[in-house]
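Let me begin by handing over the structure; questions about it come next.
Going in written order, the chains are labelled A, B and C, and every chain counts its residues from 1.
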Amino acid sequence: MSNAAMPKSLLGIEELSASQIQAILERARIFKPVQTQGRKMDRLKGKTVIHLFYENSTRTRLSFELAARRLGADTTSITAQSSSVQKGESLLDTLNTLAAMRPDAIVMRHSASGAPHFLARHLATTIVNAGDGTHEHPTQALLDAFTILEHKPVLNGLTVAIIGDIAHSRVARSNVLLMGKFGARVILCGPPPLLPPELKELSPCVSLCHSLDEAISGADVIMMLRVQLERQNEVYVPSTHEYFQYYGLTLDHMKKAKPDAIVMHPGPINRGREIAAEVADSPRSVILNQVENGIAVRMAVLDLWIGPPTQPDPEKTMQPQMNADERR
Amino acid sequence: MPIREKTQLMSASEIERTLVRLAHEIVEKNASLDRLVLIGIRRRGVPLAQRLAYNISQIQQHPVPVGILDITFYRDDLSTVGQKPVHTATEIPFTIADKDVILCDDVLYTGRTTRAALDALFDHGRPRRVQLLVLIDRGHREIPVEAQYVGKYVETTDAEIIEVKLREVDQMEKVLLVEKTD
Amino acid sequence: MLLIKNGRVVDPSQNLDAPAQVLIRDGRIAKVAERISAADAEVFDAKGLIVAPGFIDLHVHLREPGNEHAETIETGGRAAAAGGFTSICCMPNTTPVNDNAAVTQFIVETSRRVSPVNVFPIGAISSRSAGERLAEIGQMHRAGIVGLSDDGRPVMSSGLMRHAMEYSLAFGLVMIQHAEDLTLTQGGQMHEGVQSTRMGLRGIPGSSEDVMVARDILLAEQTGARYHVAHLSTARSLELVRDAKRRGLAVTCEVTPHHFTLCDEDVRDYDSNYKMKPPLRSRADRDAMIEGLADGTVDAIATDHAPHAGSEKMQEFDLAPFGIIGLESAVGLALERLYHPKHVTLSRLVNLFSCNAARVVELKDRGTLKPGSHADVTLFSTDRAWKLDANQSASRSRNTPFDGREFRGGPEATIVAGRVVWRRA
C-alpha cells in the first residue's frame, strides 16, 4: 500500500478504514525485528519529525522519538517545559514557528481535544496525533491491536473489556473505534459517573456494565486504564481506596476470567490503584509487549505517512548494534 | 485656572534619552522578554509605551506587544450620576494572562491613576507580574504605589503641576513645571 | 417626510397585512394607508418588499467599553442596521461591567452620537455581575437601562435572585436570565450528548439550563417579577416556560437563530465558530425551538451577537471563548428555517422580531407602525438571493459559522427615526 492511500494526517482511528489499519499493522510486523534487534534503517533519511508535547508524557515521546530515529529521521522535541508553550504563547504562534522549521511530520500530544485537528487545519504538514485531551490516542489503539494479534489469531469475535475512567479516556475511545471496525465486542466498565450512557453510541460493538466481575467473565482481553482521580476537581468516586475495591483488578478476579485472557494497560501503571501488582507482573500480563510494540507501530505510522512508497526490506539495515544513547 | 510656567524639567532630547535608558533598564530587569507586554495608560502613557517598545526592539531584536488601557470607568472619583466621562477605546488585542506587564504612564502623583489602571488591567486578565513605569515621579502618594522604572524624580508642592507634552498628542515635546496662581 | 410606497405592510400590532403606504414625518409614523398623497415627501420604493415595524434585538454584546478591538457601539450598531435591526439591547458584560449609571450613561450618549440604530442598555443585576450584591439598579434605571441581566454570569444564588426580582418591581424592569447552573456545567465545552462523547469534549448538560429556568420561574411566581429567559435552548426549558405561561405568569423567552438552525451534530472538526453558550443542543431540542417559535411559546428571536476578535477564536476548542456574531444573518436564517418551510407566517415572524420583543423590555411606541410611534421600519425581502460574506461584515469580528451561506430573502433597508440608515448595496 502506498502513502497516497492514507489521509494527510493521522488524527484518529475514526478516520481510518479497516484496510488502512491492517496496512499499518502489517508494516509494523516488518519493523518489529528491526526494532527489537536495535537496528536502524534509512527510510526517513533527510526527513524531519518534530515531537510537540504540550502534555508531559515521557514514555510516548521516547517511543515516537526512537521510532523516528530507527528509520533515520532527524528529530526535534518541543515539550511544555522547554519551549515557550508554557509562557502563554498561543498554539497559533507556535504553529507559525513550526511552519518555518519545515518539518515533514509533527507528532503532537495536547491536553485539549481537537488540538491536532486545529494544527492540521492550519498547516500543510502531516500531523500525527499522539493523544489529544479526552478524544483519541490512535497509535495506542494500533499498538494494542498489534499486541492482541500476537496472542489471538484475529480480532473478529473477540471480547475486549476496558475498565476504568472511560469518560475521560482517549485510549478507550480509540480502542472502541478500532475494535468496532474489526468485529470485536467491547465491554466498557467503570463507576457510573465515569461511564456516561452516550458511550454506547460510539459503536454498535459497545456494551456497558458497572460490575468488574461481569465485565471480565467472558473477556479475551482485559484492558485496564490508568486512573487519575486526583486530576479532576469534581467528585466522581469517593476515594481511590473505594475505587480499587470495586474496579481494581486482582488475582481473585482473574480466577473468573477465561484461562487464556490477556491483561493490558497503556501505562504508566498505578500498582494498587487500578491493578494489583501480582496481576500486572503475572504471565497473563502483556504490558511489556505493549511498550515494545509501540515503537514498531510508530515506525510503521511514520513510514507509511512520510516514508518512501517502496516496501521496506528489513534486511537493509544500517547498524547491527544499538548505540548507547538509544539503550536508555 | 490661571497657571504660570515656572521651569522646563525636560527637553525633547532629554525625554528621548530617558526613554532609551528606561528601555535598557527593562531589558536588564527582565531576563526573558517572551512574556513582556507594555500597556500604555491613556493618553500620554500610550506614546511612551510605543516608543519604549520600539527602543527595546532596537536593543534586543525582540518585538514587544503594546496595548492601550482606558481607565475612565475605574476612577475612584467617578460619581454615579451627572458626569460625562470621556472614555476612549481600550485596545489590548492579545491575552495578558500569565504575562509580565509594564504599565506606562507619564506622571506618578497620588497613585490613584495606577490603582484604577490595575483594576482595569485585572478585568482583562490575570498577568504574572505587573510593573510600573513613569516618565516623572513627583511624589505626594496617597496610595502605596511605587514605580519600578522612573525617568525623573521631581520635588513638587501641591500647588504645582507637571505638564508632559509629547509630540504624538501635543505636537510638541517637553516636560514643564507650572504653578496654579489663583 | 418620507413616503414608503409599493410595499406589503406587515404589522401584527394592528393586525395588518396588506399592500399599503407608510408616511413618516418628524421621525414618527404619520399615517399608514392604501394610498397617501404627500407630494412633497421623499419616496422610498419598496416594491417587492415587506414593510415591517423596526426589528429589535434583545440580546447583543457591543464590547464597548473595554474590548473595542472586538466590537464598538458604532460597529455593532452598523452591523445591526445591516441586519435589519432598528434597535438593539446591549448586555452589560463589558469591561467594566455596566453596573453603574456612569457606564450606562456613557453607552446611551455614545450610541446617540455614533450608532445608526437605537441602543438600549441592559444593566447588571449584581455589582460587577459577581452575583454577590445588587448593583445600583435605580441609578442605572434613571440613566436609561431597559432591563436587568448578569448575562454570561448567571445568578447562582437563589437568595440574591429573589431579592433582585423583588427590587426590579420598583422600576418595572424585566429580569433577563442567562439560565445555566454552573455546578452542572463544570467547564463543559459543548452540549452533552453522543457528539460530545465522540469528540471527547466536556459536556454541558441540558439540565444545567432546565434547573435554572425551573428555579427562576418559581421565584418569579413568588415575587411577581417579570422574568425573561435569554437564549433558551432546550426542549425541557421550553416546556417549563409554556407551563408558566399557561399559569398566567409574566414569563417570556427568546431563542437565537443558531439554536433553531444548528444542533450538536453540526459541531465538527473542532471549529470554534460552533462554540457558544448555551451550546448547540440536540436535534430534538432544535426542533422543539422551531415548534415553540411557531406556537407562540417563544416570544422573540434574539441574536446573542457575541463578537470575538479573530485571534481569540483561533485557538484550541477548549480555550476559545464562547459566542458568535449574529446580527447580519438573523433575518436570513429566520426566513430559511421558519418562514420558507411554513412553520411561521410573515406576521408571526414580524411579531418575533419586533412587536413581542418591544413588549419584553417595554419599549414605548416601538415594535409597531401605529401613527405616532417612532418611525423605525425594517424592509426585507422574502426571496431575493444573497450570500453572507463575513469579511464584508460591518462588525469588527468575523466569528460566524454561517460565512458563505446562501440565503433566500433578507433585510433590504433599515429606517431609524425616519432616516434610511442602511440599504442593501
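Definition applied: a contact is a pair of C-beta atoms (placed from the backbone, for glycine too) under 8 Å apart; a residue touches a chain by one contact, two chains touch by 3 or more.
Treat the numbers as computed from the prediction; the structure is a model and nothing was measured.
Taking the mean of each chain's C-alpha atoms, the chain closest to the overall C-alpha centroid is C.
Distance from chain A peaks, on a Cα-centroid basis, for B.
Between chain A and chain B the centroid-to-centroid distance comes to 53 Å (mean Cα coordinates, whole Å). Chain C has its Cα centroid 40 Å from the Cα centroid of chain B. Centre to centre, using the average C-alpha position, chain A and chain C are separated by 46 Å. Multi-chain contact residues of chain C (touching two or more other chains): 311. In chain B, no residue touches at least two other chains. Residues of chain A found to touch two or more other chains are 90. Residues of chain B that touch chain C in their complex: 70, 72-74, 78-81, 83-85, 87, 89-94, 120, 123-124. Against chain C, the residues of chain A that register as touching in their complex are 14, 90-92, 110-115, 117-118, 121, 132-136, 170, 173, 196, 198-199, 201-202, 233-234.
Listing the residues of chain C that touch chain B in their complex gives 64-69, 72, 95-96, 100-103, 105-106, 109-110, 136, 139, 142-143, 309, 311. Residues 186, 192-194, 196-203, 269-270, 311, 314-319 of chain C touch chain A in their complex.
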